[in-house]
Structure formats: C-alpha cells, structure tokens
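What follows are several structures.
Note that subunit A is present in both complexes that follow, paired respectively with subunit B and with subunit C.
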Partner chain A sequence: METAINQTFNTKVNNLLGVNKEDAKISKTYLFVSFVILLIGGFLGLAQGLNRAGLLELPSWLNYYQILTMHGVFMLLAFTTFFTFGYLYAGLSHELGGLLPKVRKIVWTAFAAKIIGAVLVVIPILMNEASVMYTFYPPLKAHPMFYIGLVFFAVGMWLCNIGGFIQVANWRKNNKGKHVPIFSYFATGINILMFFALIPVAIEVLTLIPWSIGWTKTVNVMVSRTLFWAFGHTLVNIWYLTATSAWYVIAPKLIGGKRWSDTLTRVVIIALVIMNITGGFHHQIIDPGISLPVKMMHVFMSLAIGFPSLMTAFAMFAVFEKTARKQGGKGLIGWYKKMPWGDVRFLALFISMASFIPAGAGGIAQTTNQLDTVVHNTMWIVGHFHLTLGVTVALAFFGISYWLVPYISGRVLTPKINKLGVIQTWIWTIGMIFMSGSMHTVGLFGSPRRTSYTTYGDHATALSWDPYMMALAIGGTLLIIGVILQVYAVINMMFFAPKGETEFPIADVEENASPTPYWTERWGIWIIVMLIVVAMAYVIPLSEFILNGPPGSPGFKTW
Partner chain B sequence: MKMHKDEKIWLALSFSIMMIFMLITGYQAVAEGMEPPSNTDYIDPQKVDQTAPFDKPGIKQIGDKEYEVVMTMQVFSFNPGNIEVPAGSTVHFILTSKDVVHGFEIAETNANAMVMPGYIQKVTQKFDKPGSYLVLCNEYCGAGHQMMSTTITVK
Partner chain C sequence: MTQLLVGLFMIIFLALPPVAKIMESVMIIHMHMQMPMLIIAGFLIAKFFQERYPGFFEKWNRNGLPGIMLFIIIVSFWTLPRTMDEALNEAGMEIFKFISLPLLAGIPLRDSWKRLGKIGRNVVIILFTILFFVMGWLYVDAPVQLCNNYLVIDQIILGWGFLTTAICFVIYLGYILFVDPSKYE
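On to the complex of A and B.
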C-alpha cells in the first residue's frame, strides 16, 4: 500500500516537474539516431528513384542493389525501431512515474546492441558483400558479418521489449487490480508482438550463420522464407500499432476531445496482437510447395486482420465528429471546419489516418489469391508499403515528434516550427501521392520491384512504363525536401527552440464511460491464444517443408 | 461492454464485407480454377540438369493449340528463351530454378509465380492477342537481375 501511494505521489511529482531527466536522455538519444537514419535513408531512396527514372547513373562502388539493401535496412529496421522505443519509453516514464534504474540499464544496453548490430550490417553492404535486400532470401549468401549484425540488432530489440515488460510488471505489482494506463497498455501490446515476431527470424538467422561461414553446406530455402515473413509482415504491423497508439491516445487530446471507448481500444490492441504473426504468410501466395487449402486458410487469417482496423476507422472519425460538434461544428460534414488544421501535431496524425483508408484497402486486395497474382513483386507492392509505412506510419511519427521532442528536451514548439511542420506535412503528402500513386499504377502494368533502370532491350512494354518512373522521381525529389525539413525541425526542437514546458498529451476517457472489464489485463490468456493461432498457421506448412521437401540449396553470391 | 448503435451497424457492415470478400475469393479459386500457382512437386536443386523433365528444356506441342514449355531459370536467363506460339494457344509452363529464387512474370498478363530452387512450379497462360510478350524475373536475383528477361512471340 505504501509503495502504491509512493507511486502515485511520484507520478504527481513527475507531472509537476515535467520529464524525468535521465529518462529523457534515453528518448532523446533514440529519437536523434532515428532521425539521422531517416536523413541517410532518405538520400538513398532519392538515389534509387532517380536511377529508376533513368536520370542518374550510380557509380560501380555503390550500386543500385547496395543502396536498395541499405535503404530497406535503414528505414524498416533502424528508423522505425529507434523511433518506436524513444516514443514508448518516454510514454512509459511519463505514465508510470519514471523508469526503474534497472530498466534504464537494459534500454542503454539495448541501444549499444542495436548500434553494434547496425554497424556490422552496414559494413558488408558497403563492401558489396551483402547485396541481399532487407529480406535476405537464401540461397543468396551474404557475408557472415551481415547475419551476425542482425542478431545483435534483434537482441537489442528484445532487450527493449523486456525493459518494457519489467516496467509494466512493476507498476502492476504496486497497483493490484488496476488497469494498466492506456499508453502503457499499447506499449505492452507492441512489446509482446515484437518479442514473439522476432523468434522465427532469429531461428532463421541462426541457421544462416553457420551456412554462410561454410560449416553447413545447404539451407532449406522455403523454411527460411516462411520464418522471415512471420517476422517481416508483423514488423510493419508493429509500426502500424505504434501509429495507432497515437491516433487513439494522443489525437483526441490535441483536438480537445475525449478518448474513444477504453474497452474497445484495448480489444483492438488484443486483436492485433493475436492475429498479426500469421499475416506474414500472404507474402507467399504464389510460392510453390504450399497446397491450395493451406493458402486459402491463410488468406482468411490475413483478411481477419482488417477487422480491428475497421473498428479503428470508426472510432477515430467518431471522436473527431463528436469533438468538433461540441465545439459548435454543424452539418453532415461541416463539422470538419472545427478541426485544428493549422496544428502540425494534429494535421500529420490526421493525414496518417486518412492515408490508411486506401493503404488498408490495397492491403486487403493484395492479400487475396487472385489479386496478389496480378501485383506480386511488381512496383504495386512498393507503392503499397510507401503508402502504409511512408505515410501512415512515417507521418504519425513526424506528428508525434512535434510535441515529443520538445517534451523530452524541456523546450516548446514555436509557431515558426509549427508552420514549417505544416508545410513539411503537405510536401510529404504530395510527394508520396506522386511516388506511391505512380508505383501502384505502373505495378498494375507489370513493372517489377527491386530492379535497377532497364528497358529490357527496348521492349515496347517496358518503355511504356517510363512516364510513371518520371512521376516517381518527382515524388522522390519532393520527399527528400520533406526529409530535410523534418530533420531540421527535430534538431531545432531538440537543441535550439526556446526552453519551456511541453505536455505529454494523453487524452482522458469520457466522464460517463462504462468501466473496462478486467479480462483485458489477462495477457497470459491472449498470448496463449496468439500461440495457438500461430501454430494453426505454421505447423502444417513448416513440417511439410522439412519432412516432405527437397534437398537443401548451397549458397550463391550473384552480385 | 457498451457500444454505440452506429458502431454496431458499422461493425456488422465491415464483417459482412469481409465475409463476402472471403466467399468470392474462395469460390473463384475452387470453382473457377483461379487458384494461385501452388505446385508442390520438388527436385534436387543441385541436379536440375540431370533430372527429367529439366534435362531437356524446351517447347513441345501437346495438343491442338496447346503447348508445354519446360523451362529453367538461372542467373540471369530463361532456358528456353524467345519462344513462339500461334495466337489462341494455351501454354503450360513447368519451371524450376538452378540457383537462387527467381520470379516468373509475363507482363500484361496475370501469369506470375515464384520459382524457388528445389521446387517445380507450374503456370498456365492462354495467349489470345498476337504480339511480343515481355517475360521477366521479378524477384531480385543478383547484379544482372535487371537484364533477366526474354520474350514470347504470339503470331
């Protein structure tokens, strides 16, 4: 009891004094690294876009496939993870009354592991010893250092998850019978999902290391591929869940409203955690070696993930409309005029949400057997994940940065930076419409992904794709302007903006809300359900590949 | 758990749309044969050249306007390449990879399949319109990936 009082007291003190200095240092470091990586990754992306349009010839010492591999690793693994943990730990510290000293130690160790991992991954790529893309499908065989780097990186991510678990478990011990506050609940869902998603890919990488050193001769390509996607698709959904946390928890506060039903919010999180890992299989719809009934089951399991997202769509617009009407908004859609469009923190989050409507629809399309056959491995897919990750996730992260960076730096968001942010958000959105739009379209016509500039011997079909590649390059150019503005804003808010207090904007539930049932706290049950779903999805195909599959493949270095 | 009426309607609608989507997908796959390429036969990836039918890659007429193409994919080519068939032909492709993962795509058609080392993949495509069809590898396979293409000429 005494500790509980202590805890509440600490929370209050914390809220009064603002951010805990030591915890802020953690978040600041993670976010700084994240945005530096965004800057590098952005330039790598620009180089690809210009090459693809035939405007830029890349030097032999840094070719298209090296740049593509690095862009993927930087943006998908590094930018997102560093941001996510910078954000989650700031929230955990704020909501649960400061991080435990032992958690701080874990998070700093994780940081070191991730940096070492990133360096070990990048060196072989720069040496042209690991042009295997971020998916590193065997039997493409990279330098062992590449895989060892990935292990370090994964260990770093795991440590971050474990730190989160310890922090939340400690709070629960001191607050028996209470619900974990909503932001920390989101963090727990994200940590659980990531913790389990990393297991399959870790197994894959641990089999690839002895193979790439030469201790084992062959590798099972289908098992590797399947283990990769169990992680690969879940990864993008982890970023999506991170973005969702800001929509549910932060956005209502920014517009002066209340949170959507606490129970439904928690149900959405549980559903996303349970159903996500099996979603990866739809990346293998046109693979050989998997029978049609298994594929059919996976299509259904993947489509089911759409359901919690549709709940989210309703919740978000309901909150907006309700809040705007309270502030005097009128008419069927006239209420939208009451929304704070000039506030970058809201604008970026709103576009992030709105973009998930076409992005989610595209995702549902390419999850089905027939439609995936049309677009698989074409530029459509690249367009899709630039819409989901590049807009839905990235803009949510950018939007968050406009209050999170000042919050952890003890500074404020100035009207000037706010205005810059609004401009940045629109440049980013227009750039992505150009880029993602042209990618989707040209993908429908068959232009392949992950392919440097080519006309396939001036084949008429390939030449007809060229105008879209120009649009892609225009989009890419706008995006690099966006990246530069964003990184400038972050650096400014971190080191130069005027000192002051910034709030961590967590919205409250409605006054007359019905209490949340306690079963939402039973993570043990939800994890078991998740593991059952994963077993349903993966036991049959994996045992088929292992027991009833071909001899393994030797490695190849084809670049 | 209290839900708003509007939300109940929305969720019921969402759920129905998903179910209809699943039913159509399932129906088309099973009843109309629109299934994705999913052959499950396998082969020793290091002995492709010695294993039938890949010891003799090539095109063979197996019926009226019906052809069978036994094709290997390897960095960075298709064997056989530049095949020709009359308009209206149905072509059954039997594919495997001799090295890394490749993708078999005939641009401007719905023919699209992953070709993995160790597995025999099958794709069937009917060619009605005459012209030169671009066949390309759509899975990154190495330094010359962007050159890995061939054509199918339909006369």
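On to the complex of A and C.
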C-alpha cells in the first residue's frame, strides 16, 4: 500500500516540478561523468590521430599503446555506460512515477563501484603495466589491478541492471495486466542483454586474475577470446539498442508525429535480445580452431541480427514520411523539406540513423569470410566502428543530451545552444566522414590498426598511406572541436542555462493502432529462449577449445 | 495458409542436398538444429490440418495424450545414435526423418499442447528435462564411439548440448515455480 501512495505522490510531484529532484541528481551525475570522460577520451583520440599522421611524437612516459588502451576503454566502456544509465534512469523515473528509494540506493552504489573500477583500471595503464587494449584478452597480460578494476566496473553495471529490474517489477505489481510503458520496455531489454552479456566476460576476467598474479601458469586463449567477444559484441549492440530507443520513442515526438506500431517495436526489442549474444562469433571469423561449418552457421546467426535492424530503418522512414505528409509535405522525396532540420535534437538523431546505412553495409561485408580476410585488423575496422559507435551511437547520445540535460537540470534549451548544437552536429559529421572515410580506404590498402606511426624503413607501400593519415588527422582535429563544443553545451545546459521546464519527449502510439498482445511482456520466456540459443551457439566451439585445447599460454608483456 | 507455406518452405530448404549435408556433417547441428527445425515446420503446418480436419483431431486426440505420446516416441527414437547413423547411410531412413519429424512429431505437438493443460505440459517438460540429462550424461561419458559417422569429440559436444539445454529447462521450471504471474498480470 505504501508504495502505491508513494507512487501517486511521486506522480503529482512529477507533474508539478516536471522531474523528481533526487532522481534527477542521479542522472545528472551519470551524465556529467560521461561527458567528462568523452572530453578526455577525445583528446586521447586526437593524440592517436596526430601520431599516426606522423605529426606528433608521443613522450616515452605516455606511449601510443597506453593512449590507445585508455581511449578504447573510455569511449567504448565508460562514456557509453555512464550515459546509458543516466538516460535510462531518467526515463524510468519519468515513466514509472519516480524511482523507489531502494533503487536509488542501488544506483548510487553502482556509481561508486564503477568509479572505483575505473580508477583501478586507469592506474596500471598510466604505470605502463596494462597496455592490453580495451579487448584485454590473453596472451597479453596486464597488472592484476587492471582486471580487478574491471570486476568492480562490471559489478557496477550489474547493479544498475538489477535496479532497473526491481523498478519495473514493482510497477508491474502496482499496474497488473498493463503493458510496461515503451521507454521502460526498452530499458528492460537493454538491462537483460547487459546482465547476461556480462556473465561470460566475468568468467573470463576471473580466470585472468589468478593468471596475472601468477597463481596459474597458463590460460586458454581461445576460450578467453570467445568469452570476451560474447560480451564485447553484445555491448556494442547494447549501445546501439540505446540509440534505437531514441529513434523509436523520442524522434517521432520531436517532429510532432506518432510512434510506429507498438507491437512491432516490442518484437524488434525481443528479437535483438534473443539473437544478439551469439553474434560475438563474427569477431572471430579469422580465429583458428573453429571449423568451417560452424563459422558458416554463425554467418547466418549474425545476419539474422540484420533483420530487426532493417525493420528499424523501415519503421523510422515510414514514421518520418507519414508525419511530414500530414504536415503538408509533397512529392516522392519532397516531404523531407518538412523535417525540422534546424532542431539539433532531431538533426543529430537523424544523422545518427542515416549513418547506420553505410555502417551496417560495412558490417555485412565484414561478416563474409573472404571479404573479412582483406580488412581484418586493418584501419578499415577502426573506420567501421567509428561509424557505428562514433556516429550512430555517439550522435544519438549527443542529440538526446539537448533535451535530457535541460530536463534533469530544470532548465531549457536556448536558441543559442540549439544553434551551437546544430553546428556541433555538422562538425562532428564532417569530421567523421574525413576520419572514418580515410580509415576505411587506407585499411583496404593494408594499413594495420593498433600500430603507432612507422614508415617500415621508408617502405613505398607504407609511405603511400601517409596522405590518408593526413586526412585522418584533419578529421580528428574537427572532431576534437566537436567534442569541446558538445561538452561546453552540456555544461551550459546543466548549470547555466535559464531555468524552466523541459519535457521528456515520449511519443504516443497511433490512434487506431491494434492492441499489443500480452506475450510481449513475458520476459521470462524470452530469456530462456535466449539462453537456449546461446547454449546452442557456444557449445560446439567451447567444447572443442577445452577438450582439444593446446597446453595454454603464459602471459606476455610485449610493450 | 502462410504458416503452411512457411512450414513447407522450411522442409524443402532443409532437404536441399547442400543444406542437409552441411547440417548433418556436425553431429550436434544434425540433432539439435536440423531435427528441431523439422519439428517446428510441422508445428507450423499443423494449423492447416487442424482447420481442415477438426473432426479427426477431436476424435483421436481429445485430451492430448495420444498426440503427445506419439511426439515423445518419435523424438525419443531420433535421439538414438543408431537412428542418426542410419539416416546418414540409407536414403529410406533419411526420407523417413524428413517425414516423421514434421508430420508425426510437429503436428501432434501443436494439437496436443493446448489440450494438455498446465500440469500435463509441465509433466512433459520435466520428462524431457530428465531425458536430456540422461542423454547428455550418456554422450559425454561414453568411452566409445556410438555412431559410425561421428567422432567421439562430436559425441561429447552433443552431450554438452543436451546438458545445457536441460539446464535451460530447469531454469524455466524454476521460473514457473517461483514467479507468480498473478502478481503481475
């Protein structure tokens, strides 16, 4: 009963003040940390870009591989995690009538765990004891503190997932038979996927800690790699799913339209949750020890993820066109003029979506064995994930920040900051076109990734890469301007913009939509289907790696 | 009608020689992917027959028991090492596999599932959980090659496939035991 009263009280507070103060503090802290990390990570990225163009020689106390490890960990793990939970918890609080006090405690504990974890990870990197890249699989061996920090960080992520589950379960108990509201539904999918994706990497790290301390002499490299990618791949897709939530739920509202089919949206989420983890194998197409039929099977499993992704693209363009035509847009493509291109909240989301077309195409190419042998471990790959993460995900997050930060800060987005945001978005886009474009191209010519500047004794081929590396550096410079503008905008909206009320823009379903079937709420079943799919996919390679395993590898410190 | 077409298409696709060959080249894919997909195909086709011949199902499968018995017999038959071997060696047996799994397992499964009721369904799942644990233990622990066509390592992998699937069933049973849907729905 108490919670029910609490609930209505919270809803009232919500309606009055727009946002629950204590919940806003959580999101504010998470977002603030997230953008500080982006700022540092951006400068690290710039240092790499300038180094690879031969413009910047790095000092011996902070070498290329330290920077690379930190850039990867910061951007792929920290910036994204902090942003995602700041965003998800703001939405959960908004949609479900405020966070439960218990959940708040969990999320703060999670925050502490993540910060402790991040510090423990960064110290050994700075000591030059952990240049193992963000993928950290053996035989490269880091200082034990690095792995222990990862465990803390993972526990922090788990706690955030659990807080989300508790919040949603409580709402369902108080709202029997109702569908979980769409934003919280997305959050649930994201939490489930992350919760399960963390299990394999936790197992991996727990085997690496005794190995790194010296208690065990060797470690099974293939098992470690496989466990890592079950997580690493899924993590990227979790950030993608977070971006997708904004496309489905937020973007229609920003253009004054309605959401696309509620049922199909939920089906897309379920499909992405069930099929995602097994996609990890497409990062191991070139790995030894996996037989051809199994690799073949995994090509299909990876491409299967493409299906819900394509549905997303279709859905979004359908929504845009419908809305624009309602507002008087005409012609086969003339309707696009009706879109609010001057609104950064929409523009950033749109470019984020559009960039997924070339990014997805590149991904499909890489899933193909023969094509992947050409680009594997070249700069092409780096170009690819700066499209998927650096544009699709990062721009979606940036776009979200322009209403989310004012919303949680009780402030408004001023026309000036909006304009700055539009400029920022274009700078970022152009910067990424330069950087990612040149990375893709030079990768095709064989330039390796994860390699500090070298001319290979003035070898002609290596010298021929230089012009592209110059373009990369130009892109990187534009991007750092973008990062600075973005962080400036966030700080301004958080602390200095005029006070006022900002809406959490969740779009409604169409009026004549058919009701959503209740089986979409039965996550218990979908989780078990997911587990069976994962078991089926992993049992062959893992059994082979373990039963036919080589003696195992000692640790190497190659730097 | 679409379900019928999808089901038929699945059977034809799975029966294409290159597809069948690649799936059957790995023991666990043969048993844990090709065979379940054939059952799913039958499951989809079932709707057509149910609508066409409601009287037949009503008469022979009123409480779902005959259907589920048939399902259990057919599926158990195909979990034997010997039958898999034979399907690879003899065309007749292979054809029987492609017919029996959709028609004699998939269709009765769909028709029976609704009629069985909650307890009946859970009994079936518990039965299969036990069967999968036993088969898993057999395949993982057998010191000799059980199939002429597959290596011992393939066998062990299949065993682990059985065990992990059985664990998933246990999780499911725990879920329905401990989570009370009336609290939420």
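Assume the second predicted complex is superposed on the first by the 546 of 559 C-alpha atoms of A that agree within 3 Å, B and C clash if a C-alpha of one lies under 4 Å from a C-alpha of the other, contacts with A are read in each partner's own complex, and residues count from 1 in each chain.
Keep in mind that, in the parts below, a residue touches a chain if its C-beta (ideal position, glycine included) is under 8 Å from a C-beta of that chain, and two chains touch if they have at least 3 such contacts.
Predicted, not measured: the structure shown is a model, and the values here were computed from it.
Aligning the two structures on subunit A places subunit B and subunit C next to each other without any clash.
Looking at the shared chain after the overlay, A:119 reaches neither subunit B nor subunit C. In the superposition on chain A, A:456 makes contact with subunit B only, while subunit C stays out of contact range. Applying the stated contact rule after C-alpha superposition, one finds that A:547 touches subunit C and leaves subunit B untouched. Once the two complexes are laid over each other on the shared chain, residue contacts for A:314 go to subunit B alone; subunit C is not touched. When the two complexes are overlaid on their common chain A, residue A:206 makes contact with neither subunit B nor subunit C. In the superposed model, A:296 makes contact with both subunit B and subunit C. Looking at the superposed arrangement, the partner reaching more residues of subunit A, out of subunit B and subunit C, is B. Contacts of A:361 after superposition: neither subunit B nor subunit C is touched.
Applying the stated contact rule after C-alpha superposition, one finds that A:539 touches subunit C and leaves subunit B untouched.
Our angle of interest has its tip at the CA centre of subunit A and reaches the CA centres of subunit B and subunit C; in the overlay it is 70°, to the nearest 10. Between subunit B and subunit C in the chain A overlay, the least Cα distance found is 9 Å. Within subunit A, the residues touching subunit B in one complex and subunit C in the other are 291, 296, 544.
Against subunit C, in their complex, subunit A makes its touches with residues 169, 172-173, 176-177, 291, 293-294, 296-297, 518, 521, 524-525, 528, 531-532, 535-536, 539-540, 543-544, 547-548. Taken together, the subunit B residues at the contact with subunit A in this complex read 1-4, 6-7, 10-11, 14-15, 18, 21-22, 25-26, 28-29, 34-40, 42-46, 75, 99-101, 103, 105, 107-108, 110, 112-121, 132-134, 136-147, 149, 151. Contact residues of subunit C toward subunit A in the complex are 22-23, 25-26, 28-29, 32-33, 153, 156-157, 160-161, 164-165, 167-168, 171-172, 175-176, 179, 183-185.
For subunit A in complex with subunit B, the touching residues are 63, 65, 68, 131, 133, 137, 139-140, 221-222, 225, 261, 263-264, 267, 284-292, 295-296, 299-300, 303-304, 306-307, 310-311, 314-315, 318, 364, 368-370, 372-374, 376-378, 445-454, 456-457, 459-462, 514, 517, 544, 549-554, 556, 558-559.
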